[in-house]
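Chain IDs A, B, C, D and E follow the sequence of writing; residue 1 opens each chain.
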Amino acid sequence: MTTHYLVLSALLFAIGGIGVLVRRNAIVVFMCVELMLNACNLAFVTFARQNGNVDGQVIAFFVMIVAAAEVVIGLAIIVTIFRTRRSASVDDASLLKY
Amino acid sequence: MGETITFWVLAVVSVSAALGLVFSRKAVYCALMLGVVMLSLAVLYAVQDAPFLAAVQIIVYTGAVMMLFLFVLMLVGVDSSDSLVETLRGQRFWAIVAGLAFAALVALGIGNVVFAPAAGLGAVNAAGNVPSLAELIFTRYVFAFEVTSALLITAALGAMVLAHRERLEQKATQRDLSRERFVKYGEEGVDPSPLPGPGTYARANAIDMPALLPDGKISKLSVNRYIARYEAEEGTIDPKVAEILEGEDK
Amino acid sequence: MTAIPWLSILMGVSVLGALGVSFLKNDKVAKQATLGVSLLVLVLAVVMTVGFSPNGDRFQYAETYDWIPSFGVHYAVAVDGVALVLILLSAILVPIVVLASWHDAEQGKRSVRTYFALLLVLEAMMIGVFAATDVFLFYVFFEAMLIPMYFMIGSYGGAQRSYAAVKFLLYSLFGGLLMLVAVIALYNVADKNSFLFPELIGAVTDPTTQKWLFLGFFIAFAIKAPLWPVHTWLPDAAAQAPAGAAVLLVGVLDKVGTFGMLRFCLELFPDAAKWATPVVIALSVIGIVYGAIVAIGQTDIKRLIAYTSISHFGFITMGVFAMTTTAASGATLYMVNHGFSTGVLFLVAGFLIYRRGSQFIADYGGVQKVAPLLAGAFLIAGLSGLSLPGLSTFVSEFMVLLGTFERYAVPAIIGTTGVILAAIYILWMYQRTMNGPTAESVAEMKDLNGRERWVVAPLIALIVVLGFFPKPLLDVINPAVKESLVNVKVTDPAPVVAVKEGQ
Amino acid sequence: MEPAEILSHAGGGAISLAWLMIVLPLAGAAILLIGGRATNKWGHLLGVLMSVGAFVVAALVFLQLIGLDPAQRRQSVNLYEFIPGVANIGLLIDPLSISFCLLITFVGSLIHIYSIGYMSHDPDRRRFFAYLNLFVAAMLLLVLADNYVALFIGWEGVGLASYLLIGFWQYKPSAAVAAKKAFVVNRVGDFGLLVAMFLIFAQFGTLSYAEVFPNAAQASQGVQTAIGLLLLLGACGKSAQLPLQSWLLDAMEGPTPVSALIHAATMVTAGVYLVVRSGAAFFPEGSTAGLVVTIVGVATLLAGAIIGTAKDDIKKGLAGSTMSQIGYMMLAAGIGPAGYAFAIAHLITHGFFKADLFLGAGSVMHAMNDEVDMRRYGGLRKLLPITFVTFFIGYLAIIGFPLLSGYFTKDGIIESVMHHNAILGWLAVLGAGITGFYMTRMVVMTFFGPKRWDEKAHPHESPAVMTWPLIILSVFSVGLGAYLVLSNRLMVFLSPAVGRPADLPGFHAFTVPGLVTLALVAVGAGIAIAKYGRSEVPVVQPRGSFLTVFARRDLYGDALNEALFMRPGQWLTRLAVFFDNRGIDGVVNGLAAGVGGSSGRLRKIQTGYVRSYALSIFVGAAVLAGAWFVVGTL
Amino acid sequence: MITAPTIEYFALAPLLIIFGAAIIGVLVEAFAPRYLRRAVHVPLTLLSLVGAFALVILQTIRGVPTTPAAMGSVAVDGPTLFIWGTILVLSFVSILLINDEEQFVPSAASVPGSAEEEKAITEGAAHTEVYPLALFAIGGMLLFPASNDLLIMFVALEVMSLPLYLLCGLARRRRLLSQEASVKYFLLGAFSSAFFLYGTALLYGFAGTVDLVGISRALAAAGGTETLLLVGTAMLGVGLLFKIGAAPFQAWKPDVYQGAPTPITALMASGTLVAAFGAVLRVFWVALGNDSWNWQPIMWGVAALTMVVGSILAITQTDIKRMLAYSSIAHAGFLLVGVMAVGEKGQNALALSGLLFYLVTYGITTVGAFAVVTLVRDPGGEAWHLSRWAGLGKRSPKLAGLFAFFLLAFAGIPLTSGFFGKYAVFRSAVAVGQGWLTGLVVLAVVASAAAAFFYVRVIVLMFFSDPSADGPTVVTPSWATSTVVGFSAFATVALGVFPQPVLDLAEKAAKSLFVQ
C-alpha cells in the first residue's frame, strides 16, 4: 500500500511541477506549488506509517504552517505586482533577462 | 480492503483534480480543484492514522489557505482566465517531458524499494495521535516550532509592508468633508447633497436600477455608468437609461 | 650571510617610494622623487652586489620568515648569482626608464604620479620575484606584477592600449593559473609542508607527476617568456605600451619566464625537463627563426622590436634547456644583456616615435642627417640586437649557441641562421628609418637632448663594456648555474678530442 | 716542415705591448666619435697619428720577432679572460700575423693620409676618420687574435666598419642598400664561421689556436672537412668569393679610400688569412676542403676577371679585378704549404698595387667631379701626370709585367698550382690573360684617347697629400714582389707560422706556363688597345653582346640571389606575418571571440521568463535524479 | 507525561538575540512614532548583531560544544560558530548599507510613479520594517547552516528566504524591476523548496528520521544503493544547489541580484551564500558523508557547469549588478570544488577550513563591491549600466581604484584576499590526490582566467576609457557606506597579505569538523 501512496504523491508532485511550468497566472502557479507541497505531505504521512513513527506527521504539520506563511507572503507579493502592472501573468514580468 | 477502495477512489479524484488544476482556464476553477485535492488528501491522512493532520489539513489548508487564495483571486479579477496558448517555444513540450521523466524516475525509485509491511502507528498512537504528536513537537522539534513563530511574524509583517498604506495625513473629519463639499458647490456648482436614493417610485432597490424622479424620469445622477455600459453590450439595458447614455455620449 | 636584510630593504624602499610618490601633489617633484628612489635602489643593489661572494653559498642575503604557516608559505628571499644579476638589471633599468619616461605620461591627461608610483611598485615586485626562494612567494610576485604593468599599458599606452593590456593580462593570467595548480600539486606531492625552494629540490620523484607539474610551470613560463607559439601577446603589448613600460616588460618581466624555467622547471623536475627538452628546443628554434622572419615583415617599429625579442627569447630558452654550463650561463647572461639591448632599442625607438608621433617605419627616412646622435644610438642599439661582437649580446648568444651545439648540434645550427636574419631585420629597419633622403616629415626633428643622452649613454656604455669584459657577470652567474645543473644531474658533454693541457 | 709550436710570451719587449696596435686606433675612433664636433678640427690628424702609431708598434714588434730564433717566432700574449671556460682575449704574434699587421698599418696609414685630401670637403670627415680607425683596430684584432673568438670579434668588427664606410654617404639610397647588403652577405659567411667554431669547440673543448691546431689531426676526417668547409664559407663571405661575391661590387658606393683600404688591400683578404691560418689544421695538402678552396678560388678568379672586362665604372672594374686577384690567393692557399707563401706574397703586393690603383682612380674621380664612368674620361694622362704614372705602374704590376711585383707573385701562384693540379693552373693562366685585357682597357679608356668629359669638368692634379701616398705605393708595387719571392724570402719567414714544403721551390723565370701567361697577357692587352685605343669609345654604353651583358650584370649573380633567396624570402616573410596575425593570433583572438560569442548566445537562455527558469530547475532536477540513479546503481 | 525539553540557551544565544531583536523591532514598528523608528532600529539592529557576534566569540573561547543543542536540532559546533561569525560580520556591514534610506521604497503599497508615492517621498515616509525583516533573514541564515535535522533546515530555509523575498521588492528606483525580482525569487524559491521538501520526505522514508546523523547511520547500515536515498538526495540537492546558485539552478540569481535593492543584494550575495554553503556542507558531509562516491560525480558535473556558465555568461553582461551576480555563480562553482574534496578526517578539515576561508574573503569583497555600486549614481538612481562607468577612474580615482581592487580580488590576483581563498579551496581539492578532482581544479583555473576577462573589462572601462560628459556622479558616501567600503577594502588587503590569523580561526573551527 505504501508504494501506492508514494506513487500518488510522486504523480501529484510531478503534476504540480508541470503546472508551475505551463501556467501563466501567478496565483495558479503558486497553487501548483502548493500542490507540490501537499504531495510532499502525503509522502511524509505515508512514510510515518511505514516507519512507525510520527515524525513524518510532525513534519507535515510544520509544512502546513510554513506553507501558510509562505502563502501570505507570496500572495502579498503577487498582489503588489498586480497593482503595478494590472496583470497577474508571470510572463509579463520579464524585464530582467539575459 | 476499505483502505484500498478509499485510496483508489481518492487517488483518481485527486489526480483528476490535480490535472484539472493544471488545465482549467479559469483561476477560480483551479482553486476549487486544488481544494478537492486537499480534501482528498485529508481523507487519505485520516486513513493513514493521522487524524490530527487530516483535521489540520481541512482547517488550515482548505479552510484558511484556500480562502486566502480565493480572496486574492477576487482582488485580481475573478473572471480573468488564462489563454492556454503557449507563448514560450518548447515550454510545454519540455515541461511534460521533464514531468514524465521526473515522475517515472521517482516512481522507479519508489518501485525499486521493497517495503516491509508498514510498521503502523498503533503503538505510537496508543495514547492518541494528538498527544504523540504533541510530545514530539514540544520536545524533539520544539526549536523548529519556536522558529516557525518567526515565519508567522514575518508573514504578518510582510503583508503589512506590501498591503498597508500608512496614513500620511490626518484623517478628514465630517466637518472637513462637509466644508469641502460646499466649497466645491460654490466654485463648481456640484450638488453638495448625496446622490439620490431609489426614490419613492422605485420598483427595485438595486444598484443597476436608476432612481426615478417624481416626474417618473430617471435621475441622471443615479445611473451607474459602468453597469449601464455592460448592459448596453449585453442588450439588456433599460431604453430610458440608454437614452441618457446616448445623450451623454454626444 | 649578513645581518642586514638587503633584499627586503630594496623592496621596502621601492614600495615606500611608490607610496610617497602617489601622495605627492606636484608632478615634477613626483618625477624627481621617483628618480631619487630608483637611484637609491640602484645604489643599494650595487652595494649588495659588491658584497656578494660568487663562490660562497649558493643563496646569500637569505631572509626567511614564516608568512602563512597554514600553507607552508614563507617570506623567504635570497639571491644566487642568477637572481642577483637579474635584480641588478632591474635596478639599473628602472632609473633609466624613469628618466626616459619623463614626459611620457603627460600626453594622455592622465595622472603622472600614478605612472611613476606604478613604476616603483613594479620595481619592488621585480626584485621580489627574482629574490623569492619560496615557490609560493615567487608565484605571488609572478602574478601580482601583472597588475602594475597592466595599468601602465592600459592607461598610458597607444591607441590599442586596452586591447593590448587585456590580452597581456589574460594570457599571463591563464598561464599563471595553470601554474597555480602545479604549485599546489607540488606542495602536496612533495609533502614537506613547506614551499621553500631548497627543500623542494628532488622532492618529486614520480616521473609522471613530474611531467604534469613540469607542464604546469612550463606553460606559464613559456607564455611569460614568450615562447613560440604563445607569443602573440607580446607584439601587441610592447607596441602599445609606453616605451618605458615596454622596456620593463620585455627587458625584465619576460625574463621571469626564462628565469623560472632555469630555476624551477629544471631544478624541481629534472627528469621531466629532460623528457621535454626535444620539444622545448624545437619550439625555441622555431621561435628564433620565426620571430626573426616575422620581424622582417613588420611595418611598426615597436612591433618589430617585439618580434626580435621573441627571436631572442628563443635563444634563451634554447640555452636553458640545452643544459650545458656554457649554454645555461650564456642564457642567463643573455637575459641581462637582452634587457640592456632591447631596453635601449625600445627607448631610442620611443624617442623617435615621440618626436614624429608615428610608430610606422614608412613614416621615417633619412633621420641620420638631421639627428645623427639619435641615429647613432639607434644603430648601436640595433647592432646589439643583432649580436655584433664587441657588444654584450654577442657574448651571450655565442655562449648559448656554443653550449647548445655541444649537445644539440642541429638545432644550434638552425638557430645560428638567426644571426643572418637578425642582420636583415635590424639593418633594413635602420636603412628605412635613418638612411636615404630625409623625409619631409622628419626634417625638423631634433637630436637627442641632454636628458635623453643620459638615458642612452649608460646603457650603451654597459653594452660595450660587457661586450668586451663580461667576466664579472659570468663569474657571478657561473657558480649558480653550475649548482643548478648539478641539481638537474647533468654533466657537460666532454670534447671529442681530448686536448692535453699545455699543448 | 710543420709550423712551429705556439709559445706563450714570457713578457718584455715590443711584443708584450702589441695590444697597443689595436688600442691606439680604437682609442682614436672612440675619441672622434664621442668627442663629436669638438674634434672636427684636428680629428683627421688624430686619425692619421693613431694609424701611424700602430704602424710604429707593428714595426717594433716585427723587429723584435725577427730577432728571435725561428722556432721561437710564435708568441702568444694573453690579455685577459674573456668568456671564462671558453675563450680569452689574446694576441698571437707570429710571422703571418705580423706580415698582415705591417701591411694593414702601412697601407692604412698611407690611405689615412690620402683621405685628408680626398675627404677635405666632406662635412663629416671626422666621422670618416673615426670609422677608418675603427676599421684598422678591428682588422688588427682579426689578424692578431690567438683564438677564433677574438678573431671573430675582429672579423665582425671589420664588417661593421665596412658597413659604416660603404654607407658613409647614407643619404644616397644606393649607398645605404649596398652597406646593408655587404653586412648581410657577410653574415652568411659568418654563419659558417660560427658553426665552424661550435664544431671546433665541441671537438676540442677550446677555441685557442695553440690548443686546436696541434690536435686537429686527431679529429675524424669528416669533422676536419666539415670544419674546413665551414671556415671556407666564412672566408668566402669576407673575401667576396663565389658564391658570396655579390656585395663587393656594390660596396664601391663607399668613398674611394675605403674601397682602396677595405675592399682591396686588407679586409677582403681576411678570408685568405683565415684559410692560411687554419690551413695546416683544416686544409692540409690534398684534403677535400683544400680542393674546394682551390675550386672556389679559380671560379672566382675567372668570374671576377670576366666581370672586370665589361664594367664602365672604373671602381667596379677594379672591384672585379680585386675579386679575381683574391681568387688567385685562395687558389694558392688551397693547395697547402706550397702555396701559402705565394698567397700571402700576392696578398701583400696586391695590397700595394691595388691600393695604388684605387687611390689613382680616386684621384681621377677627384679631378673629374666624382665621375666614375670611364666612357666620360679619356686623355687624362697629360692633365694628371702623377696620377697617370703611378696608376700605370700599378697597372703593370697587376698584369704581371715582368719584374714588377705582380709578375713574381702571380707567376709563383700559377707555377705552384701547376704542380698541384694542371687544369686549375691553366685556368689561372687564362685568368691572367683576361686581366691583361681589362686592365689595359681601363688604362686606355681613362688616360688615352680623346677627352670625352663634360664641359663643366676641370680636371686637375690632386694635392700633394694625395699624390705622395700614390707615389709611395707605386714604389712598393714595383719592387716588393721581387723582394718577397726571390730566394723564397717570405716562404722562409712564414714557415714557423704556416709550415712549408720540404724542399723550397726555386724561381724559374721562363717556364712554359710563365711564357704562356705573358703571351696571353700581351694578347689581352693587344685586343684592348685595338678595341678601345684605335677606335672611338662611345660615351653612351652600347647594348653589347650577350656575353658583355652577362659580364656587365655581374654574371647574373644578383639576379640569382634575388630569384633564389630574396623573392622566396619576401614571400616567406609575408607568409609568416600573415600566419602570425591570422594563424596564431587568429586562434587566440578566435578563441576569445568564440567564448564571447558563446556568451552572447548562451545568455539568451536567460529569457527573463520565470517559467523558463522553473523549467530549467525541473529539467535539472530530473537530470540530477537520473544521474544519481545511474551513478548510485552502477 | 512529557519531559520538558532541554534547551542550551547559551549555545543558542546568538540566534535568540537576533530573533529577539527582530521581534522587538516589530514591536517598535507597532508602537514607536514614525520619526523615532529609524533612530531605534539602527542601533537596535547593529547592537544585536554585535551582541550575537560577541556571544559567538565567547562560545569559541569557552570551548565548542560537542553535542547538538535544542534536543539535537541545532548543531552549534566549530564550523557553525565560524559561519555564524562570518554571517554576523557580513550582516553588520550589509545593515550599514541598508541604513541608506535612499535605497528603499517609501511606500510599497502605492503604485510606482503615482501621486501617492510622490507624496510619500516628500513626506519622508520609509519602510523601517526592513530592519526587523533583515534580522529575521539573518536569523534564518544563522539557523540554516546550524540545522542538525532536515526539518529545522527546511524551516530555517523559509525563515531566511521569506523576508528576502519581501526585501527584494522594496527598491526605491526601478520599482518594476524590483517587484519582478521579488516575484521571480519568490516563485522559484517556493518551487525549489518543494523539491527540498520532497527530498526530505524520501530521505525520511529511507532512514525513518530526518536527523542528519540518523540518516548517516542508516546509510552506513544500508549501503549506498537504496533508490529512495538516491532520488531523495537528488531532490534535496536541487533545493540546496538552488540556494547557492549552482547551474542549472542559477537562473534566478542574475535577475534577483539585479532587481533587488543593492544593499539587499549585498546581504544575499554574502550572507545567504555563506549560509547556503554551510547547509550544503552539513547535508553532504554529515548526512551523506558515507555516500560520497555517489554524489561526487554529480557534484563534479554541477560544479563544472556552474563555473563555466558563470564565467562565460558574465562576459557579455552590461549591467554591473548582473555581472556581479554571474560572478557569484562562478564563485559558487569554485566553492563546490571544495565541497567535493572529502576524504579522511584531516582532508576534511583541510577542505572545510579552505571553504570557510573562501567564504569569508568572498563575502567581504562582495559587500564592498556592492557598496561601491550604491555610490555611483545617475539622476534616476544607481548607474547600473556598465557604459556609464566609463572613465570613472578619472572622475573619482579613489572609488574606482577600490572597485578595481575588489574586482581583482574576485579574479584571484595574489595579494588580495580572493587569491588565498581560491588557493585554500583548490589546495584542498588537489590534496585529495585524485586525477578527476585535480582536473576539475584545472578547469576551475581556466574558468577563472575567463572570468578575469570580465572583471578586467570593467577596469578597462573605468580606467582606460574616456569619461562621457554626462557621466554618473559619485555621491559622497555616508559614514555607514564609507565604513563598509573601508572595512571591505581593508579586509581584502589584510587577508591578501596576512591571511594567517583568519586561516588559524578557520582551521581551528574546521578541526573538530561537524558534530556527528
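One rule holds for everything that comes next: a residue touches a chain if its C-beta (ideal position, glycine included) is under 8 Å from a C-beta of that chain, and two chains touch if they have at least 3 such contacts.
As the structure is a prediction and not an experimental result, all values here were calculated from the model.
Of all the chains, the one whose CA centre sits at the greatest distance from that of subunit D is B.
Among the inter-chain contacts, the highest number of C-beta pairs connects A-B.
The chain occupying the central position, as judged from C-alpha centroids, is C.
With each centre defined as the average position of its C-alpha atoms, the distance from subunit A to subunit C rounds to 65 Å. For the pair subunit A and subunit B, the distance between mean C-alpha positions equals 16 Å. Computed centre separation for the pair subunit C/subunit D is 36 angstrom, with centres defined by C-alpha atoms.
Each chain gets a centre from the mean of its Cα atoms; for subunit B and subunit D, those two points are 105 Å apart. Residues of subunit D in contact with at least two other chains: 592, 603, 606-612, 614-615, 618-619, 621, 625, 629. Annotation for subunit A: residues touching 2 or more other chains are 6, 13, 16-17, 20-22, 24, 29-30, 46, 50-53, 55, 58, 62, 66, 69-70, 73, 76-78, 80, 90-91, 93-97.
Residue positions 88, 91, 94-95, 98-99, 102, 105-106, 108-110, 113, 140-141, 144, 148, 151, 154-155, 158, 161-163 of subunit B each touch two or more of the other chains. The list of touching chain pairs reads A-B, A-D, A-E, B-D, B-E, C-D, C-E, D-E.
Interface of subunit D with subunit B (complex): residues 607, 609, 611-612, 615, 618-619, 621-622, 625-626, 629. Contact residues of subunit E toward subunit C in the complex are 353, 393-394, 397, 408, 411-415, 419-420, 423-424, 426-427, 430-431, 433, 438, 441-442, 445-446, 448-449, 452-453, 456-457, 459-460, 463-465, 498-500, 503-504, 507. Against subunit A, the residues of subunit B that register as touching in their complex are 3-4, 7, 11, 14-15, 18-19, 21-22, 27, 30-31, 34, 37-38, 41, 44-45, 48-50, 52-53, 56-57, 60-61, 64-65, 68-69, 72-73, 75-77, 80, 82-83, 86-88, 91-92, 94-96, 98-100, 102-103, 106-107, 110-111, 113, 115, 118-121, 123-125, 129, 132-133, 136-137, 140-141, 144-145, 148, 151-152, 154-156, 158-159, 161-163.
Contact residues of subunit D toward subunit A in the complex are 603-604, 606-611, 614-615, 618. Against subunit C, in their complex, subunit D makes its touches with residues 33, 80-86, 89, 149, 152-153, 155-157, 160, 163, 167, 170-173, 175-177, 179-180, 183-184, 187-188, 190-191, 194-195, 197-199, 201-206, 210-212, 214-215, 218-219, 223, 569, 572-574, 576-577, 580, 584-585, 588, 592.
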